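This structure is in structure tokens; I'll ask about it shortly.
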Amino acid sequence: MNLDWAWIERNLSMIGSLLVEHVILALVPVVIAFLIALPLGYLVSKTRRVANVFLAFIGIIYSIPSLALFVMMPMILGTQILNPVNIVVALSIYSTALLVRSVVDGLRSVPAPVKQSATAVGYGWLRRLFRVELPLAMPVIFAGLRVVIVSNIAIVSVAVLVGSGALGKLFDLGFASYFYTPIIVALVLMLALALIFDALILLIQRRTLPWLRERPA
Amino acid sequence: MVEGTAGMNLFEYLADPANWTGPGGIWNLLLQHLGYTVASVGLAAVIAIPLGIVIGHTGRGSFLVIGLSNAARAIPTLGLLVLVVLLLGTGIGPIIGVLAILALPPVLTATAAGIRGADHEAVHAARAIGMSEPQVVAKVEWPLALPLVISGLRSATLQVVATATVAAYSSGQGLGRLLITGNATRNYPEMFAGAFLVAVLAIVLDILLGGLGWLARRHASPGGRKMVHDPSKIPVDVVA
Amino acid sequence: MKTKQAFIGVGLGIAALLFTACGANNNPLGDATSPQPAQPGQTSAASAPVVVGSADFTESKILAEIYSQALKAKGVESSTKLGIGSREIYIKALQDQSISAVPEYTGNLLLHFDPSATATTAAEVDKALPDVLPSDLKSLKSSAAVNQDVYVVTKEFSAQHDITSLEDLQKIAATSTLGGPPELAKRAYGPPGLETIYGAKFKAFVPYPKYPPKISDLDSNKIQVATFFTTDAVIAEKGYIQLEDPQSMILPQNVVPLVRSDVAENQTAVAALEAVQAALTTEELMELDKKVDNDRQDPGQVAGEWLTSKSLA
């Protein structure tokens, strides 16, 4: 038979551990990217020429399909191909490429008069960054975070072609013998994860940036 | 042979001319990959551009567009491909169909946004001098929207190049085949060849379309005056 | 201030995530649930756990489970690492000790280590095998159960072009496409062998990591010849014609456990595995394959049931 829902019950623990693995492989790169993209984006946003060159370079990295990155990474770094670190590193590079763009755009969207009045009141650059610029840049950065998390969840499954892939392994399992159930389970779980994390970021955004709610959409 | 060391000549598969010829050779796989890309992005454009123009111009249905691009990002392309091949076989039709579906959202979103964001003064002026609606669209909104449309096509192309790589898993065509065969036989140079060529293809297409977009932008803003309001600061799509 | 609280919250969340990530990385993120295999210099061979690996196809996984559970039943600690990949990959895993046993097939194993082997009968293969293995690997007793690679064509194609044997392939090879697993391209019984032994050079070879596209393409005549395993249920289901091999290009493939030398020195382990080998038949193997492939049962489950039915567990 090609569809067997009882299979799910028989394999709950495997599905569960793949789910956990998937979340970790998708989220850790986002965290790493966030930590790198903030300072990097700040520095880039301060320049003009360098920014353009740098962002162009980032754009190129970004255009490389993730599978190609998964494969080239171990060969360049010298790690074992099956090492999950490859996936995390490759996805971190990817996520950073996207988030830097968001940080730069976000910081650049802060109106100059606002920055100037902060300086006029006596804020140093650090205080101005954390009290004024970043909060105002957050909507754009949060939007970037949502994009990164959702796409990472989908991209992780592609890694099954190189032996990893977490929930992607269920695609492999189903495809091997015309078995639809694992494929559907994996699709549903990944979409659910995407929805949940997207909503989570949105929730955090609503909580921490209350002034946005007054503005019309 | 030690796993994954950079000391090994990773380029040796690419360097061997015998690997380039023949039905399974690099040229053929490259052409297949390019063919899939052009066909599916073309198909998507044929559907998405007119639809996007209508949505952008009339302002109706924009909710559809926003939700669509967010949802599309979440689709695991491998799962979709596998499902389609199991259900519809390995024919070129189903594969191009899937790729076109994945290419639709970026083009649709960009077109709608571009038309919507076309400089309102220019549009009003056009109406004021008596242009009909279709003329307004064709003569004013479309040229102004073109840069964004091209950026949408660019995102779509990258998405398709990436997904076509994965498609080799289910149908054996395209550059992804080098990756899969190389992985199965632990032939690192072959795997690297696949990854490298896919990356180069993506970068080249990205630069080409980027250049096209730059030209379109210059055409749209001849005096340097910004004629298009770019509503989205975030890249329109992410490639899988 | 709200923003400061938000940042502190995010920072703590990040720290928490990183801690869990560190913890999780200690868990092998693959499908292994294993204690570490025997490391050199550890306690005596008798107590070292045996990690049984498997290739990526159903039958290999079932056999690995059978071996592993048979070992456990006799008191030898064991676990499995299923779906490692093709022969190149899991032999390497054997040699670097990430696994210590794997179910193999005599003929192909012989060819892997000695591509110029001249053995053609099962007896000859059995005799030649131990001599070609590297010093750290040993083969145990082979079973009567057999699973050959086999070339097939559809019933229609066979009737249309009068193809019933590999010797007939040279009639149509130049205009035909061959399909098989990616690694077949380099195998002695793959396209190279077809060319040298049967004079058949195919127009193209398409690699299929999985069965469904291969079956679909064969049925729709996108490929004309494909390889399967003799125990695959699909051959009977689709009525494919298995091509004869008069020149014995494909060697006899009896199931045989390939183990590390320290496992071979473990009397209990060897006895357990050889009992399995003696009890296994081709028909039963096909039955087990069907239960997993068609009825979607778990390899571990059907392995356990089979062992129980044979009073081996």
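In this document, chain identifiers A, B and C correspond to the written order of the chains, with residue numbering beginning at 1 in each.
Heads up, the rule we're going with is that a residue touches a chain if its C-beta (ideal position, glycine included) is under 8 Å from a C-beta of that chain, and two chains touch if they have at least 3 such contacts.
This is a predicted model, so every value here is computed, not measured.
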**Report entry** Arrangement of touching chains [line / ring / star / complete / other]
**Finding:** complete
Query raised in the report: Which pair, A-C or A-B, has more C-beta contacts?
Result: A-B
Query raised in the report: Counting in whole Å, what is the centre-to-centre distance of subunit B and subunit C, each centre being its mean C-alpha position?
Result: 39
Report summary line: subunit A to subunit C, mean C-alpha position gap in Å, rounds to 37
Report summary line: Chain centres from averaged Cα atoms put subunit A and subunit B apart, in whole Å, by 20
Query raised in the report: Tell me, which residues of subunit C touch at least two other chains?
Result: 85, 210, 212
Query - Where subunit B touches two or more other chains at once, by residue number - result: 3, 85-86, 169-170, 180
Report task. For subunit A, write out the residues touching at least two other chains, lowest number first. Result -> 163, 175, 178
**Report entry** subunit A partner contacts - residues on subunit B that touch it in the complex
**Finding:** 3-6, 10, 70, 73-80, 82-83, 85-86, 158, 161-162, 165-166, 169-170, 176, 179-180, 183, 188, 191-192, 194-196, 198-199, 202-203, 205-207, 210, 233-235, 238-240
Report summary line: Touching subunit B in the complex, subunit A uses residues 59-60, 62-69, 71-72, 74-81, 98, 101-102, 105-106, 109, 140, 143-144, 147-148, 150-151, 153-155, 157-158, 160-163, 168, 171, 174-175, 178, 180, 183, 186-187, 190-191, 194-195, 198
Report task. Note which residues of subunit B are touching subunit C in the complex, please. Result -> 3, 22-24, 85-86, 89-90, 169-172, 177, 180-181, 184-186
Requested in this report: Flag every residue of subunit C that touches subunit A in the complex, lowest number first.
Outcome: 2-3, 5-7, 10, 14, 17-18, 20-21, 24-25, 29-31, 58, 85, 210-212, 293-296, 298, 301
Requested in this report: Quick one: which bits of subunit C touch subunit B in the complex? Just the residue numbers, please.
Outcome: 85-86, 88-89, 92, 177, 181-183, 185-186, 203-210, 212-213, 216-217, 220, 222
